[in-house]
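In order of appearance the chains are A, B, C and D, and numbering begins at 1 in each one.
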């Protein structure tokens, strides 16, 4: 989808072919992204290291890393990068690839959360209560217990609704056919 | 500078600006606007009393904001001529007619509030432009906190501080007067950065090393950090200097600083500036608590470089510096014959390179002078006056002002010494009166027929 | 009278946890003579997570809304930072990658939609400061918030990715707005830093630590309350503030308001109408400042 | 056999011709459909040259000059940037599709760009098919 770059093969080529991935070629490994990242200290590989690893062709390690799931999408790296690399977009692209290849890290619950989120998003609307419940049931139901004070605070003020927003049947059908078509298009590739 | 001034063949016009250039190689006419100093430099003895007595204080440009100057002042200690000027934007006498103190105290009666600017015209054969660079202002890079944290300073400010005749008498000091115990020097501030200047400023690695060396010399025991992307130390003796500074115990960290903050995490950081950087060699984010941060700022083109390029009919590169005739084979000449460039107005460079380029430019001028004749382009345009309809379309086309209109004859004329042979006029001439030699319409038409056979 | 197509997003919708954002926004809009017409039958924008699960599907989710909005006019307004980023990101990529645009177009066609001319998606704050202006806002103030110290919190996404309407790290729109209400914006160095976003769910520790820093920075600046422009930032900083306090043994009691709620107070609107009763950290101090 | 268009390339001496030269010395491959005529500056290109080329059997004409702001003659390329689009607008009146005329910028260091522009142009013209000028 992105630019195909002459001379870059394998994993680098694959990343360059994703929208937002082509920028890795011009990275000078200055580490500004890592320095700017509010979360870099907890990553298994720093953001700039991820780029270096992609360029070294370390596909499995990159896609199985925790780092790509620790991106907060705050774009601070992108704003400060002196080379115009959008590290945020790259992390998203890598996340998608990791999911597609079945390599998404199991050391973090983020991929699971993303899957549950996307399940509801694709249905047209996100019911926060059901989304949270489903996520905790799928990952670690016990974790939900310690959230009781938070949930209570929200519930008391009418901020956790049992009602779900529903699209009109026609809109729902329209959305479904668009998404079905998208799956069909993707399947052809 | 002083020996330039005393040379019998050199006329120095300081505090002056070129406003107009006409003519061509061997025959330039240059208009220069001499700004009024309000001080008669032939009478002034340079005693300095006026500066002492002047009650108006403003921020000193030369000291990069680290000191104050008066409204009547000598811009910098080595200024030539060493005569003060009155700053008309701040002098209350010139603004409101009040004060006049400097005139009263001047024993040589050199103060003259009535001076007006004058324009002089110079005829010359060649021109060398050496208009230099402007230091990049890091204020827009809010992540480094310049302007927010008083002890984040620019390279020029550090340079002034370390100078014996500077505002601190050569002492490196924090704003509260203490000496810093730790200093971080941040490379590539505004250089190698798509948001500001894409190019490498070339001199920052070396001056940053010099700063580290000076810090160790002036403040033994001071901890110095160099935060760099790449160390670029190409040049005679440069790598050796790098090694020497390494031996002095400077902490080199390979990584570009992402941020400077004063938000402390823990006791050791309290009251310090904290530089956040990825040490890319160990792949870890580091927080460096320091007293002072020096920003190694880029060398940027002068703000008015576009205007200067227009006046002298030369071009600029995409980065804003003046365009040389050929990047490898002729980095001294410009696309306009007889106009040469030297120093940082062409691209960032260090002192040895600037000296070499300046000497080369002088030699090129001397070569032209000693030959006494100039070669012109052979592929110039010429006008068939019989066919010229006098419509003046071509006049606006010529970027070199080589075409003039002969009013009595009602025809356009081309000055072949100025014409560079681009052919734009020939393409525009509605009556076909202009021929572009070696690229005539007939020649090109036949060529088109030929290649399309 | 100005009219805008309005995209509330899941969180700020009538069923969402940040419904007070939309209700206060609507009340304030009435005072400023703005009509917000909710995009009929909109769907979730997909937010960041969907892109990682189904890239093309995520673009399609966003594009369906854009296609619907395109029929109504050249602009759409949203109060949610995440929706704002997703829509602008989608517009940006559809423009930059014709191939992607082709595929998204093909999928949209299956639902009988087209997206051609493009829709500019703007944030509510942007509309307020650019289209309405500080002067017009000031003119509607009936109860000046004089003396109230407010930390202006932008969060990360509305100013960042390059299509933002203000400086990505040193924006001033909120400060100007707060000043025009008579209140005093405080120095808040972390005003554009991330609150932890959706990672509060899978990676709580990360988000709580970021929130602690934000609350500390706001408190150090002397803020009596904090205003946000994003439903997720509000929920995090408000609902999880107690958890931050427990984890880090801090004692923050920082009311977290939508900027529209603060505007409503200055406009003399009712607490109920502005949804101030929905704040988890009681906004008592803010309410007291009014009298 | 597929249609092989004839394309006339008019290149300025300082940037585009040098760029084409660089493509050659760098051993880059590009469509052999282009036939090159050199002028000193894209500002020298008269609309008559282009019409002549179409009459002489060119299926497309590609004019290349220096990037805006980088003209060796200061601003000749700006003149081309005005003239060529104007001519493009008139081409349909002669029964010639606008796409058959292209103006682009190639600097002396952009051998790769020259290759891309030539290949794109060749593909565009190939899609359009042979130029059929109306008789008379």
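What to note about this one:
In this text, contacts are C-beta pairs under 8 Å (C-beta built on N, C-alpha and C of every residue); 3 or more make two chains touch, one makes a residue touch a chain.
Note that the structure is predicted; figures quoted are calculated from it, not measured.
A count of contacting C-beta pairs for A-B and for A-C identifies A-C as the more extensively joined pair.
Rounded to a whole number, the gap between the C-alpha centres of subunit A and subunit B is 47 angstrom.
Computed from the mean C-alpha positions, the centre of subunit B lies at a distance of 45 Å from the centre of subunit C. Centre-to-centre, using mean CA coordinates, subunit A is 21 Å away from subunit C.
Shared interface positions of subunit C, defined as residues touching 2 or more other chains, are 169. Across the assembly, subunit A contributes no residue in contact with two or more other chains. Among the residues of subunit B, those touching two or more other chains are numbered 143. Listed by label, the pairs of touching chains are A-B, A-C, B-C, B-D. Partner subunit B is touched in their complex by these residues of subunit D: 6, 8, 35-37, 39-41, 43-46, 48-49, 52-53, 56-58, 67, 69-76, 79, 83. If you check the complex, the residues on subunit C that touch subunit B are 167, 169-170, 189-190, 213, 217. The touching residues of subunit B, counted against subunit D in their complex, run 313, 315-318, 323, 335, 379, 397, 399-400, 420-424, 426-428, 436, 439, 441, 444-445, 447-449, 451-452. Residue ranges of subunit B in contact with subunit C, taken from their complex: 142-143, 261, 263.
Of all residues in subunit B, those touching subunit A in their complex are 143, 188, 192-195, 229-230, 254-259, 276-280, 283-285.
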